[in-house]
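Dropping the structures in below, format is structure tokens.
Two complexes are shown next, each including chain A; its partner changes from chain B in the first to chain C in the second.
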Partner chain A sequence: MTIRTLMTTAAALSALAAPAMADINIGASLAETGPAAFLGDPEAKTLRMEVDKINAAGGINGEQINLIIYDDGGDANKAKTFATRLVEDDEVVAVIGGTTTGPTMAMIPVFEDAEIPFISLAGAVEIIEPVNPWVFKTPHTDRMACEKIFADMKAQGFSKVGMISGSDGFGKSMQAQCKGVAEAAGVEIVADEVYGPQDADMTPQLTNIKGSGAEAILNSGMGQGPAVVTRNHTQLAIDAPLYQSHGVASKQFIELAGTEAAEGVRLPAAALLVADQLADDNPQKPVVQGYRDEYEAETGEDVSTFGGHAYDALYILKAAIEKAGSTEPAAIRDALEQTTGFVGTAGEVNYTPEDHLGLTLDAFEMLEIKDGEWTIVAE
Partner chain B sequence: MRLSHKTATLLVLIPLIVLAPIFFPSNFYYRVGSLIFINGLAVTGMVILIGYAGQISLGHAGFAGIGAYSCALMPVHWGIPPVAAAVLGAVISALLAWLVGRPILRLKGYYLAVATLGFGILVYMVLTNETWLTGGPDGMSVNDSGLRDMAEAVGIDLKNSQFWYWMCAIVLVIGVWLAMNLQDSPTGRALRAVHGSEVAARTVGVDVARYKLQAFVISAVYASVAGSMVALQNEFVTPDVAGYMHSIEWVTMTVLGGAGSVLGAIFGAAILTTLPQVLTAFAEYEQLLLGLIMMLVMIFMRDGLLPSIMRRIRGKDE
Partner chain C sequence: MSELLQFLFSGLTVGAVYALVALGFTIIYNASDVVNFAQGEFVMLGGMLTVFAYAAGLPLILAAIVAIIVTAAVGVALNKLAIEPARGAPVVSLIIITIGASIFLRGVAQVLFGKQIHRFPSFSGDTPFRIGGATILPQSLWVIAGGLAVFYALYLFFTKTLTGKAVLATSNNRLAAQLVGINTNWVMTLSFALSAGIGALAGVLVTPITNTSYDVGIALALKGFAAAMLGGMGNPKGALVGGILLGIIEAMTAGYLSSQYKDAAAFVVILLVLFIMPQGLFGAKQTERV
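Let's look at the complex of A and B:
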């Protein structure tokens, strides 16, 4: 009893004493609330959990991490204010965050001005193209999902694609990216249909696609729309196989669409979702299994790829600070740019001065739904 | 001798703006200051609408959206300098307010509230959905206004946040000065008559519809300029700037500080802009606390914070 009390006291004291030491201040501005909370919440939880773990293991280069997270609610104006606060008031050496593209783009000028390295967790290509020396990102882009899907279609011998897209931000962005890379990928878009994210029936659009001579159908969208498309696709008995995007990569999608309708649907997804099915020699396997188990034990919630993006960002940053052997923002930035062979939840990351995303198409696994379960398609 | 209301307001406001930076521990406070001034500007417009004319609008962020996206779009498509785009945006907002206001202002009370709310949401939806033009929900960047470079050319070398603190302060002071002039003008008196009783105002020959429309248009211009200032300062806009929560925030600031007084409303803007920064540690409870404060003020200080406090102080003096 006394020993336990002593230990608790010691732990409490060390926790109190921690800020007095030379800490490494790492900032984050995430959408923990608001419409993008389903992305920002797992990101924030992941960062808190992992920083505690790193600190308990002795921190980085013997220094403890002092993590400062602000909730910008996904609002670009608020994010910019918090970015200023992180730089001016909290004197951070690096920043993770920007859950969505708007806040990320609004924050970039602040970090560029202050010369602070910034790792974004948002999807858009614009964040890293053209390359800004101070800006990196961890999530794969929509364009890569398109390329992955088109490559699989080509491998199956399909070259005429019918597209059906949601009119929400995700669906629109991916629609534009897919149309942009179709020609380079060697496929032709023969139909381009759109539906509202809340629509309950997509048979008219699918009938049009059916009549267009499409050999395969690609649905870019997230939420309930893709589940309706999947059901209608089965109801209309369309022969052309259906491809979904990474936006539906959650168990909920299969439940919504129904096991029967979802049978045979293909989609690209991060390895995190199929951690146990990865080959044993896949270097990602221990990483994604470890993170998933830890996250699910800590929070009691299903793991998501979004938290994985934050996980990757934090450990890429940790490795860079260790490599730089310094907490100077400029030194960290240089080390970040030299990140090679980092294995994270999204894949193997290799940053170069020209590439601040550092992922290849291998970052996605091509999945097929069989009997209501994800299975990896052998390539 | 009693100072006129206008002189007194400016005499309080200007020294506060000038002296506040002495107490700023870091540049971050300049950023918060500039946001207070931007909200203060929009809220000054709301005082004209709510406090003077007695009308309500839950859609003024729509005009801010027009102002903001004018600064983003016009330089890209028509090569108009961003500052001129802000002026043009204000003109567009005024025209739109005039068009929309004519039918809408026939409505009263909650009908008017809902109609304006609808207008704000409409603007927000256009900005969100017309991806080809506005970049959609991801927003778009705004060209550098070049104002800071101009200041640097004449020897004023300030950090970005400092520069915008002073820039927004100047615009706010001009806005307040204009609003105070309006209050003392025949138009201002007519507006207050409309506020008091539309029937009575009509009986003494006030063209009620015209004055209500004027107040609506003027407040729309204030909101539009505030939106432009956000865009020019952030150099990036998202449709959030036109989000209906901002409209409601502005009404809340106005009513919290005191709808009848420009200084009170700016005080309300200062509180509600600063509070989220103070409350970052309890981010989850922020909305709860805001709601609680709002309710308490409405129950115990019905004229708004500042007028109620002033009356209490004066009451003790006399």
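Let's look at the complex of A and C:
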């Protein structure tokens, strides 16, 4: 095949791939591969599944959604390129994504310039502070997780906290946030250790925490590190109870750490994980049960809160487009900002011009692992 | 005192993992001077295949054997499909081929096994041994024993068997080896099978400690490579000592200095050693004839 035929074929293909007119183009840039794939993968699966469902039910305001997902592999540079492509080539009216904070921060300037509403699925508080009129997010922030954990520690009478954090983006960000709010929460950080995300043994760090007089231990991290910390915590028979972050809120964590080692570990997480244990009058119950059953049937995998963030983003966006009655990005943005009483997997969302997160501490449930299952800690 | 012992145990645990990975580098390097950067992927395959065979209902030991055999076959395929066709290419090109192979294997694993993190149970439970106030897990002892066994087997292989000597001869001078009747293609195939098998064995032994996922090979290969360089590339003794040393340096730095600088400290030591002894601690001195 000559270069010319190749180019013609490519041109023909791209013409075929071009969206039909009256569709609503919604873009996404997610980490479907790379180190954050275990976050981005359920997010992408959720978006595809839910968009198909919405389209099958007649779309939004009678128009079909055309979902364009790019895989940025968690790389901020790639994400920025895809952001530009989404704006210029795909002519999207809104974007979901940025699985992690780095890519999100890299994409924000692009959407701000193009005036396209952007709903991030990443955790860090910097995304919505200070408020950017075009940027929203659905997951709880790491600062909220710190506050929830410290409040629970205080309630148990612990005030000396030993911290052990992963040196990846999530671990570092939460470590910084927790240190920032510790004083206001009335706890003292007596040890501050770190580990590499792929490390196989954290007993030296935990031995030092044990020797520091910590009454409780907080592990900020995600992926496999927290599982190793949990096993080492049991191995060293440390009396101080172990708290994990919302970064490990999937069933996989209990499997990796082992039922025995995970016993008694506490963590803040969204209601999604304990769908069946919620009170019947909890408005979140039908939402989270519905999403969980659907996701598990479709993918055969256990549901995680990460896919839930994508679910929330898509339905908040759907509601906003319906309300705006238009697919003009500016009209969608204005409608997004007026979102109130939206019940999603993360909690009740109320966006205001000053608050583009819209969640309160109540959105977190404090969970404890008992016999390999999540249980809600009575407040 | 119990702290020092705990740091030491931690260092031994981590070091034995590095040593096992490092040992996998030796055979291919000895046969062809190629540093096989797909070695980490062999470790990953060993762990992942065991996870899935075990989940499919095979007993753990059988799952491990299946994983080792399949991985060895992957090693042979890698040699037949990628290395052998490039025969005569400079060593650097072959090394780059192995980097390509590692990316390919990672991609296939990602599609085949998914992106989740996995683990299977430890061989003899998770009840730690208590010695002088410090603790060590039974699985760590398995890894250390595995490292020693592989080291001893390799030592015997290279010094006592004709095949082992044929491997060394192939590396020294391929043409001369062929002239004395050594089938060098067969030697290369064998060395890839053995390296892949050792990598898979490492994966089987370390997965209960490190967990496994499709991309775990990069980090393991990096540390294993560093350990092999520290000890002296190609020397089984060097791989063993280099791995354990690296693990202990990391654990002591994390324990006594700061966990922030644990990796940095390890690499500073490696740089210093290589600065003074470019061949590593036990590497053979090379003389180039001009």
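FYI, the second predicted complex is superposed on the first by the 354 of 379 C-alpha atoms of A that agree within 3 Å, B and C clash if a C-alpha of one lies under 4 Å from a C-alpha of the other, contacts with A are read in each partner's own complex, and residues count from 1 in each chain.
Please note the rule applied: a contact is a pair of C-beta atoms (placed from the backbone, for glycine too) under 8 Å apart; a residue touches a chain by one contact, two chains touch by 3 or more.
These numbers were taken from a predicted model, which means no experiment stands behind them.
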Touching partner for A:Asn77 - first (chain B), second (chain C), both, neither: first
Looking at the overlay, does A:Gly169 come into contact with chain B only (first), chain C only (second), both, or neither? first
For A:Thr33 in the superposed arrangement: first (chain B), second (chain C), both or neither? both
Determine, under the contact definition given at the top, whether A:Gln235 touches first (chain B), second (chain C), both, or neither. second
Please indicate which partner A:Val161 is in contact with in the superposed arrangement: first for chain B, second for chain C, both, or neither. neither
Examine A:Arg85 and indicate which partner it touches, taking first as chain B and second as chain C; both and neither are also allowed. first
Per the definitions at the top, what is the overlap between the chain A residues touching chain B and those touching chain C? 33, 167
Contact set on chain A toward chain B in their complex: 32-33, 70-71, 74-78, 80-81, 84-85, 87-89, 100-103, 105-106, 109, 113, 124, 126, 167, 169, 172-173, 176
Name, in rising order, each residue of chain A that touches chain C in their complex. 33-35, 37-38, 41, 167, 193-196, 198-201, 203-205, 207-208, 211, 223-224, 227-228, 231, 234-237, 252, 255-256, 258, 260-261, 301
What residues on chain B touch chain A, complex-wise? 25-28, 31-32, 35, 128-129, 131, 136-139, 141, 160-161, 230, 234-238, 240-241, 243, 276-277, 280, 283-284
What residues on chain C touch chain A, complex-wise? 3, 6-7, 9-10, 13-14, 17, 110, 114-119, 121, 126, 128, 135, 137, 206, 209-211, 213, 215-216, 219-220, 251-252, 254-255, 259-260, 262-263
